[in-house]
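These notes are about the structure you will find just below.
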Amino acid sequence: MSLVSIIMGSDSDHHIMKEASEVLKEFNIPHEIRIVSAHRTPAYMFDFAQNAEQRGIKVIIAGAGGSAHLPGMVASLTSLPVIGVPIKSPSSIIGIDSLLSIVQMPPGVPVATMAINGAKNAGLFACSILATYSNNLSIKIKEFKKQMEQRIMSANENLNRIEFENYQRNMDKEKNK
Amino acid sequence: MSLVSIIMGSDSDHHIMKEASEVLKEFNIPHEIRIVSAHRTPAYMFDFAQNAEQRGIKVIIAGAGGSAHLPGMVASLTSLPVIGVPIKSPSSIIGIDSLLSIVQMPPGVPVATMAINGAKNAGLFACSILATYSNNLSIKIKEFKKQMEQRIMSANENLNRIEFENYQRNMDKEKNK
Amino acid sequence: MSLVSIIMGSDSDHHIMKEASEVLKEFNIPHEIRIVSAHRTPAYMFDFAQNAEQRGIKVIIAGAGGSAHLPGMVASLTSLPVIGVPIKSPSSIIGIDSLLSIVQMPPGVPVATMAINGAKNAGLFACSILATYSNNLSIKIKEFKKQMEQRIMSANENLNRIEFENYQRNMDKEKNK
Amino acid sequence: MSLVSIIMGSDSDHHIMKEASEVLKEFNIPHEIRIVSAHRTPAYMFDFAQNAEQRGIKVIIAGAGGSAHLPGMVASLTSLPVIGVPIKSPSSIIGIDSLLSIVQMPPGVPVATMAINGAKNAGLFACSILATYSNNLSIKIKEFKKQMEQRIMSANENLNRIEFENYQRNMDKEKNK
Amino acid sequence: MSLVSIIMGSDSDHHIMKEASEVLKEFNIPHEIRIVSAHRTPAYMFDFAQNAEQRGIKVIIAGAGGSAHLPGMVASLTSLPVIGVPIKSPSSIIGIDSLLSIVQMPPGVPVATMAINGAKNAGLFACSILATYSNNLSIKIKEFKKQMEQRIMSANENLNRIEFENYQRNMDKEKNK
Amino acid sequence: MSLVSIIMGSDSDHHIMKEASEVLKEFNIPHEIRIVSAHRTPAYMFDFAQNAEQRGIKVIIAGAGGSAHLPGMVASLTSLPVIGVPIKSPSSIIGIDSLLSIVQMPPGVPVATMAINGAKNAGLFACSILATYSNNLSIKIKEFKKQMEQRIMSANENLNRIEFENYQRNMDKEKNK
Amino acid sequence: MSLVSIIMGSDSDHHIMKEASEVLKEFNIPHEIRIVSAHRTPAYMFDFAQNAEQRGIKVIIAGAGGSAHLPGMVASLTSLPVIGVPIKSPSSIIGIDSLLSIVQMPPGVPVATMAINGAKNAGLFACSILATYSNNLSIKIKEFKKQMEQRIMSANENLNRIEFENYQRNMDKEKNK
Amino acid sequence: MSLVSIIMGSDSDHHIMKEASEVLKEFNIPHEIRIVSAHRTPAYMFDFAQNAEQRGIKVIIAGAGGSAHLPGMVASLTSLPVIGVPIKSPSSIIGIDSLLSIVQMPPGVPVATMAINGAKNAGLFACSILATYSNNLSIKIKEFKKQMEQRIMSANENLNRIEFENYQRNMDKEKNK
């Protein structure tokens, strides 16, 4: 049974939204992925949003581009937490229209908005919601953060080695002038 | 029986949206006015949008602020023409969020977007839609346009009289220096 | 005799505006397509706008880029409904200049503004205007909407099959580690 | 023991952020409220963020204006879910700087961003997170949503009565002309 | 006979546009001032623009707000230089819509755009155009610039005196602590 | 002797600014072209701006990108009319920074701002300034405008032929189905 | 002898720029304050910028609004570090024009840009530059930072006391219901 | 021992930030380069910022993209001058988010912000800070500025030669027509 449902307005959003799915797989969280269009399948969206909780879904991740109404409309139809991902589609205005359309929700109907194309963070945030009552998951998030830290520390060391070598080479050249 | 339905997301939008109503009254077009919130009354919005045509409504005017989903969602649920009015509410980002949220609709679900706070024009555009098959209404619109023209021409004459007087006074002063 | 007139400021806008034409063909609505530049052929624009109604035109669709004055100027010269399409031309500021120039019309002269490059929706909106008094056309729009819905539902099924297969493959790999 | 911690960059943000507190009180969720400045009390912020989970905090709500670093920095130091509220302070650029600074987080460190000044929704979203494993709370959210719906439906009825009366009065005047 | 014609889209623009008139009076340049609306008096605008040159007008200054088409449309109908002034009217988006609508003209039809509300500079620029062949006027512009310089130099001296006094007073206070 | 001086902040702006030069050649107006950087050659800029009038220059066209100070600084140092061209260089923010930096001049120092990359219009506007006292040049501008009009009218005819053929072909196909 | 020179484009900027002066007084750094307009006193600006270093000035703080050229032009004429303060004057576009005009300097001529109206930070940054070789000043900055920290910590305690009292009062009320 | 420390949020920023390093090499200023992520290595950032001064660092240059918190957070933890470089990374909104996040710092914690991708200027500004008490370095900066000037003057001469030749060729062609 899926705990997280990832939905998107169009299959052209899939190359972005699959990053949410990949994170959830990494954290072993059962999830589903669906195309649900607020504007082209409004009835299906209604059914989906109103039945998600009963099906055992705990968190909904909704990605949409342009005049992105999907996350907000789903949020209006469920009491589950909804995470919104603005998508920079070719027809959007560098993603700003989608961002504003998702984030500027009226009082009473929150959508947890991520960065433009921030599907990976949507997956992570779903994990952190589920981790509020799962010690196991909370530990996994801490490990994930530690790994990120270590990748930066290694990159730092690599960069310094390269920089130092360049510097050396440069100084050698200067001497030989 | 109403031909035009004016809806808005909140009663705080009424001071703007009533301008649409005033225009329709001026053109003697029977209409109704309702508060329908995409986010707070989604089920009512669904019913409203799906039944509007059957009730004899020909055009829907929808005003909304902030993350303005009402016009687009109604457009997705009806085949009637929907006119959208972005409203500069205190919580909106100078109305830009509402404008983009209303106008940037995906292919397949158009919303005829007016200027920010452009409720008067929404009313006029509804008239011009109804006028496509009403010679009577078409003539009224032409008269309305003529009156606008005459108001500008009169303002122009007034301004010139004032300017000329100022100019005269100024020249008199210069001479007396 | 054409019911809809599609005009644009330059032939370089044709690759966008032809989408309006394609929709109208799909709905069997007789229409014409013309290049009318507000800035380079102002006299022709005047004649066009003032004679459109007499020629039997019911709706005008006007596309323009940059400092896009065509839709608003035509709207000032006719009582027909005018639909404006902002075009993201190379010289425009990501289409925002055209959008604002078209949508921010003063009270009295509405232009029904579509999304940036939203020519397809302009065609559809023209249909929905003509459908206000044509049951036939209204049914066709409902069929069009149903087809859109079905395309999304099929895409959804495809996606789920693919996702499920990926998921299976992934789980198999994990087991074999 | 507090389940939610509301923090803000300055006491001048309190008139906005207290709305989060009010919602949490309405839902009977024990919470604390603190001033923690990323830029003026960085050491205190570090301690706060690193110890929040141990103190039993389940969700952090962080509000900040201008170059709003608080939500993102706290998110980098904890595995708890962090909700960010951009605040339109006098020195901010109509809140856009704060919104972008909070929402555009890099992959790996999500912040659940609310609308500009959206502290009430931050409180509600915290509730919906806690409700993922509390049936009780989930029912309260549904009741809250029902009340919102009812308020709109009543407003709608009031508006219609007023509109109808105005309309009547107007028609009476027209007749008496 | 007027050499410069100042036109504006509405009499509500007069409080801004009169600054152009004041400058022209200061430089003793005969000019006229008119309300010409691109959208409400298109026929009058056409006549005005096409006859301006014959009437002896050398430069046209056109101010407009919102979706500001007046300067560009007049420029398309005359070979005279047209100076455009974007006006921050209440319905405009902080003047940005007017600025972009005026400045983003297509190749072939230039409008010399001034700052938002920059009517004074429009007047000055008209003078500098007329000065290209008038030594007299050119000298007056140089005098005008010298006066501006002197006003700043005096303000500078005043400020320094005040600052010095404040500083003295401050140092005295410090000593007496 | 040059009547117009075209200056630009960097030789990388030349591919844009040469369009101004091409227009001036077309109108047989003697002109010069120079690289003058406000930030890298401030002394040369000072000399240039202060001596231009004495050298017989009547109009200055200045193009600049990024933080574009050249047009405004030259305008502060001469009483000649200065035309500014914002250039969308790789380091500029889609040209918006240059546009605002050039157009938002304070009262007293106007710069006639063209569209982003609008060098061609800068050349044309220089012609229209020079034409205020040259009947010959004024006639040439009218011819230029007529040619533009004719190019659009021809494009219109071509488009209609193509559209008509497509339409015919389409209808033939429909019949043969 | 002054170590820091605070300059501004107009005396109307003084109410903002004096905050830089107040910080410098607090740190006992001798400084001067002057009105220097890039556009109205270009020659004075040239002299000022080219002689500042010889007069013993170590850092220049330049504030300007609208099309803010002063900081960049001064930076082009001196090798001293220049700190720029964008000022939100009534004629600027919410300060964005000034910010972009100051910050987007080309390679080779840096301006250290502060927040819109950030004159206080300009003063502090000047101190931190002077502190690079003054242990005394460096200690004072650390003390300043400590005081800021303590002010926040006190505010935090106050807020908690108030919140706690409100909370108590609220709970008492609930009990007594 | 390094006098300047160049830090960046990710190794993908290195291709931009290395320009700061190249300038410092050109001016023979010993410096280091490190990857320090505010969000992924917050503890390392803390240690770095708090120990930089003790290690003899005089100036910190910090580059970051997206929701760019690094420069501001480092500035909050040190009394050294911090120079911020907004980086236009693929996930940023054309660099505007990074620019606003870096520049809009609250009173008390300044960051000297450079242009988007302005790493070269960051290096130069670090030099100008160090030059406040180094006559040697001050002379080098003046030489650097002179070289820039000479490059523009040469480019100017080249351009004029080319332009003149083109002009000649053009006139020859005209004659031979």
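A, B, C, D, E, F, G and H label the chains in the order they appear, each numbered from 1.
Basically, contacts are C-beta pairs under 8 Å (C-beta built on N, C-alpha and C of every residue); 3 or more make two chains touch, one makes a residue touch a chain.
Keep in mind the model is a prediction, meaning the values are calculated, not measured.
Between A-D and A-H, more contacting C-beta pairs join the chains of A-D. Looking across F-H, A-B or E-F, the pair that copies the F-G interface, with over half of its contact pairs the same by residue number, is A-B.
Per-chain CA centroids place chain A at a distance of 38 Å from chain G. A separation of 45 Å divides the Cα centre of chain D from that of chain E. Between chain B and chain D the centroid-to-centroid distance comes to 32 Å (mean Cα coordinates, whole Å). Of all residues in chain B, those that touch two or more other chains are 10, 37, 40, 66-67, 91, 93-94, 96, 103-109, 115-116, 118, 145, 148. Pairwise, the chains that make contact are A-B, A-C, A-D, A-H, B-C, B-D, B-E, C-E, C-F, D-G, D-H, E-F, E-G, F-G, F-H, G-H. The residues of chain H lying in touch with chain F in their complex are 94-96, 115-118, 145, 148-149, 151-153, 155-156, 158-160, 163, 167, 170.
Of all the residues in chain C, the ones that touch chain F in their complex are 10-11, 14, 21, 25, 32-37, 40-41, 43-44, 66-67, 91, 93-94. Only residues 53, 58-59, 79-81, 83, 99, 103-110, 112-116, 118, 120-122, 124-125, 128-133, 138, 141-142, 144-145, 148 of chain A touch chain D when the two sit together in their complex.
Residues 9-10, 37-40, 42, 46, 65-69, 72-73, 75-77, 91-93, 96-97, 100-109 of chain F are the ones that touch chain G when the two sit in their complex.
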